[in-house]
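Input: structures, listed below.
First subunit A sits with subunit B, and in the next complex the same chain sits with subunit C.
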Partner chain A sequence: MSILEVNISNNSQLTQRQRWSIYLSYIVILIFLYIGFSLRQSSLNRVTMYTNLEAGITALYPARWLLDETGDYVLRVRDMSNRGFKTVIQVSTLPVTPDTVERNLLDRLSLNRSQTFIDYTILGYSDYFLPDETPAIAMSYTFVSRDASPFLEGVSTVVVGLDILTIQRGQALIMTFRADSNTYEQTLPIFEQFIQDIDY
Partner chain B sequence: MTQIFDNRIIAPPTEDEVYPYRRVWRSITIQVCIMILISVVIMLIGEIFGIQLDRSINLIVSGILIFSPVILWLLFSVFPESRVLEPRKNLLTVAIISGLAGSAIGIPLVEEFFQIDRWLPLETAMQRILGFTFTVGIVDCALKFVIVRYIVFPQNIRMRTDTIAYCVASSIGYSFVANLYLISEIQPTYSIAMLYIFSNYTIQLASSMVIAYGLSETYFNNPIPIMLPISIGFAALVVGIISPFVSGLMNSPITTSGNADRPIASLGFLIAVLILSLGLTFFFYTVAQERDQKIVASND
Partner chain C sequence: MIQLVRFLKISFLLLFVTTVMSSMAQSASEFDINRIKRATVFIYQARNQGNNLIITCVSTGTIVSYDGLILTNAHSTVRDSICNGDTIIVAINVDLNEPPIPKYRAEIAQVDEGLDIALLQITRELDGRLIADGTLPTLPFVEIGDSSEVTIDQNITVVGYTNIDNQPVGITRGTITAFISEPRGGDRSWFKTRSTIPGTMSGGGAYNSQGQLIGIPTTAPITLSNSDASCKFIEDSNLDGFINNNDQCIPIGGFISSIRPSNFARSLIRGASLGLNVDILTIPDVRPNPIDPPKFSRLFFSPSVVNGLPSTVVGSLPANTNSLYLFFDYENMTSETVYELRVTRDGVPDSIFSLPPVRWSGSQRGLWYIGSRDQPWANGVYEFNLLINGFAADSETVIIGGGAAVTPTFSNVVFGLLDLQGNILGNGYVLPTGSIASARFVYANMIDGTNWTSLWYFNGQEIIGSRTNEVWSGGENGSTVVNLRPQGGLFPGTYRLELYINNALSATSDFVVAGAQEGPLPIIFSNARYTIAQSPFEALNTPKVTSLPNSVDVLYALFDWQQIAPGTVWTVRWLVDGELFFELTEPWITTESGKNFLLSLDNPPDGTYTVELLVNDLKITEATASVGIGQLAIDRFAEADGTPFGGVVIDAATQNGIPNVSIILIREDFSISDFVWDQEQVFAIATTDRNGNFQFDRPLVLDTPYSLVIEANGYLPITIDGFELDAESLNPLIITIELVHD
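Then we have the complex of A and B:
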């Protein structure tokens, strides 16, 4: 087979058309990366509407998350794609008397949790305002989550939780967010967006 | 003493035309054949005969297997360059820089920024192909293209197959780092590790073939400027098509009849893809070279 060789000394410079090829390649790469980023954003931010007429709650939760209404809460959605602890958003309601204060309810929650959660520790309380300027109270805490099955031999996970509690129309609304401590800061905006969209 | 000479006229021996370059296609074919052979043997041992190893030995074997594509490439592509008259320069540099770029930019970009594990596995088949194309595919192909462009293109390109040699070098470096990351992350059994290694090897080699063709056409044929961008986009699509198919076969759901993983089918699919990509690239290169020869002949 004969060889067609280019004389390097004469042709190592690119022609105008070849240079344009390379510039266009960079543009295509940037466009592709932008599309990839958009796909990621649209997939991660896609939401599904949840309506519960009985509890009077309408919410938008991440479309990829698993909805559960079978427990002692109004709704619970979990990100099942997480390895280890599944990031969870939970909404529950409690009937209250007119003289109930938020702090008492949080103390009651903490008392119950300290008996069921391993190494349950309250990190702190702070005032919180919902999007419609309704005052609420936030409580952050941490505990250790362990796999339900000992045969899985999983490593325990440190979980950080955040409760937002507000009292309206004779009932307390508790919105809870829990995530692995390693991904908590990263996934907290999902919960903040959830609070922005919830209607009760 | 009588000396008898044969009275036939014998033509004096002529010197064969010396081919001054390493034959790229021959090297790649040998490497790929041996790589397929190793993969098949390991899969037979691990999956068909079911021979299991201790955890530590398993890790050592997996670690050795990661080096198999690199060793084959060094044996059949890099070392033979020293035995030819016109060796290709910077092959090792391209491979090393590709590996470093994959480690420093490619893997963090895919894992930390795009976070494909969080959203791609739950998408539909078509969206997964598009998702892989516009994330993993374009990151891999862009890095390999930029490295080849700035280290060897066009100053080290003398003939069409040079682009193949350099793009293969880039794919070897990149896939080595990808394999190292993957195996250290999930620590699979040695047979599944071999499957992952072969998978990355195939994906990177197949996409590099497309980039190499785009570069050679751009340099030797001087086509319209969209040829190279199209080839890079198509290379990303190759990654986007192969990746979800392989992960779909390797991570099938658990059914009532047990785990539906099909590692043998994955291997078969990868072998078919590898042979097809090499065959198609060889065909296009041959056509392009024949076209070049016709042009030269007509000019003469």
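Then we have the complex of A and C:
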């Protein structure tokens, strides 16, 4: 039979040099955690420059969002990594006449959307000022999004949308944001940052 | 480092994806029956009644284009007295083992009611919402085969719905037993089969061994009859709380033995897929319908057809006959009229040469034939019974058997103008107005001294003084000419010559007189041209164009006409890049002569357009113009070939499906390192459903390297380059992808 002697150390018995080593280790860990967090945030907040000379629009949109210029809009970017409804930022322009006011355009958008969006409901209008104090009008709405594939069991999602519409230089600029109603508030700052950065 | 290792593990995981062969897994080159089943839809025609949609008619249809173009029958979709619905609902196969599920509404894009072919375009969701341009998912579709290559005894597979019950899409296999001839489609107007095809399969697809659609099983319900087993009561259409004979029954027709060859649908598909709509602006759209009941008369047989007309008239044929046609006159027919031919041999029904109830594909009146060529007719006494809308119309008997009889015969009548040498000049069946018409015919086995008669008709009426009763003195064999010199000359209209031997009809043929005389050929249509204008009225005075550098909203075609009698059957054809997309044959119903007959074509895409004008199937004139680059753009989506690709995305830890994950397939021109998250670089995107299942709506092209990206919040991303399938790959390709939490 052998006896195993366990010698339990006590911090109070550590030397000053050892104590400083432990403190330094903690500091190094914290620094790396900070760097990692910063890198992650940097990665998440990374943006991509968008320029459309024909439309006269320059914008910054979140990196790794899918850019689409093939539709009846100037640009549309979607967060394809989002599980659920893919958060969308869209910019489109419409021609106007001197008689056209914002309300006319919003009505037109609503009438068209009511033909194609499920349960399209306008939540309300409100005044909005762009970063350069240009007056605009905001329209919020909801609708139900459903996976288009008829062969799969897609589940519908309630989407909240926000249009910021302003008429300038003979055309209407419409900036649209749409997100899953459950994540709308968390993701809205991305759209607000987009509006801060857009140049048209 | 650990992350790199995990990343590589994931990449290898994707390479190690579990490939699960579908129940019908076959190589890409073989018959993909599941794809065909998925492309087969069930169609309801329904009528809005208060807040209810009452089903009025049902049929099968087949998706023939990725953007939701459906080929089916006209009788069950176009509104008429039997199918009086105003809404078309499309049910698709979500699960091939379950009945179809209503998903969409559709509208009629192109239709030929006589041929009983309709092209539907999916335009709305089931709830009535419009489907915005480009948002309809790419649907599975079938390839249209060349029905002219179909042979007797060829095996076919018919896909459709066997009933209005809980059955999923069904399959019936059989063989082609005969070709049936009619004027509208020539020798291959119909394919006959002995397969047992239920009436609800009408409008579906018949496929060859390559899985190409070569025909449309077709039968037309005759009428709504409460006592008819082919009419079903399935809902309380009058909302009285009961389902009984007072409700609307749904006609499903009898068993189908006739298949309309797919080549008849090609021009309609082309026109519908290009969105080409032709309007005839000079003639009102509403054509006068005959008031008198339809009827058939003057039934006779001929062993062959020349330019749509009988070569001769026979009452019997020798053994080993392999070609026989029944000719008859028809009146007051419409495209809604259903006609049927029942053939018996020695009193026993002959299913091979009978034609079940089908829509009338001719015009209102004229000469029709039905028969077959190059197919053996067994010896016997054949009785041909014609029915109109289910009622007996007329019948005629012919005997086949014995040796070839040597009997006096007239045959092969052609019409024209005589030159000084006694030669017949012209195109044979369309003569210009003038003072004289001549007919040359062949005679055989004639005996001098035989009585013979020639008799001419004009628009169905005997021309007074045209009858000649003579004694033959021209010898045994040869050809001769008879002339018509009516008082006042040849008026525009339809003429007929009948030749009798000993008071028995031996030969007969029709011809048209129209147009001014320019030598032996008529000038009926002239100055055919294209123009562009802001309105139809302006188009009458704008100059001719032959080349348009840019696209136009409307392309107008105009022509002048002269001396064409109302009622004369004429045809207008419109082609793009040499391919037919519009054809209309109907009686002429405007003035005899005039200028600027106007047709319009809306939003023609780039291409070379030709409009052709015909009378009696003879092309009289044409005009051509090019738009844009002068040829149609290539549609990358139009290829049906490829491997369907789908699968399931699961959580590696829980093995549960992950919903709402997007899988991005990058085009072959780009690798992962080139991918900058631009839609232009994307080949297709699929998103998983609530069970984690996904399915790309475009098939993968073989031997083409794709890249694949999956990024989902909460999971490590997956990327892979060189994702390529070849002919040995599984078809369809179904994979399982595991995602690992980050």
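Quick notes on this structure:
One rule holds in what follows: the second predicted complex is superposed on the first by the 186 of 200 C-alpha atoms of A that agree within 3 Å, B and C clash if a C-alpha of one lies under 4 Å from a C-alpha of the other, contacts with A are read in each partner's own complex, and residues count from 1 in each chain.
As a convention for this text, a contact is a pair of C-beta atoms (placed from the backbone, for glycine too) under 8 Å apart; a residue touches a chain by one contact, two chains touch by 3 or more.
A quick note: this is a predicted structure, and the numbers were derived from the prediction, not measured.
In the overlay built on the shared chain, the residue A:Ser81 is in contact with subunit B and with subunit C. Of the two partner chains, subunit B is the only one touched by A:Leu33; subunit C is not. Contacts of A:Leu123 after superposition: neither subunit B nor subunit C is touched.
Of the two partner chains placed by the overlay, only subunit C lies in contact with A:Gln115; subunit B stays clear of it. When the two complexes are overlaid on their common chain A, residue A:Val101 makes contact with neither subunit B nor subunit C. Of the two partner chains placed by superposition, only subunit B is touched by A:Trp20; subunit C is not. When the two structures are aligned on the shared chain, A:Met49 is found in touch with neither subunit B nor subunit C. Applying the stated contact rule after C-alpha superposition, one finds that A:Arg64 touches each of subunit B and subunit C.
Common to the subunit B and subunit C interfaces on subunit A are residues 64, 81.
By the touch criterion given at the top, residues 38, 92-94, 101, 103-104, 125, 127, 129-132, 134-137, 139, 658-662, 664, 676-680, 682, 685-691, 693-695, 697, 711-714, 717 of subunit C touch subunit A in their complex.
Contacts from subunit A toward subunit B in the complex involve residues 1-6, 8, 11-15, 17-18, 20-25, 27-29, 32-33, 35-37, 39-40, 43-44, 64, 81.
Against subunit A, the residues of subunit B that register as touching in their complex are 19-21, 114-123, 127, 130-131, 133-135, 137-139, 141-142, 145, 149, 154-155, 157-160, 218-220, 222-229, 232-233, 236, 289, 292-293, 296.
Taken together, the subunit A residues at the contact with subunit C in this complex read 48, 63-71, 80-86, 115-118, 147-155.
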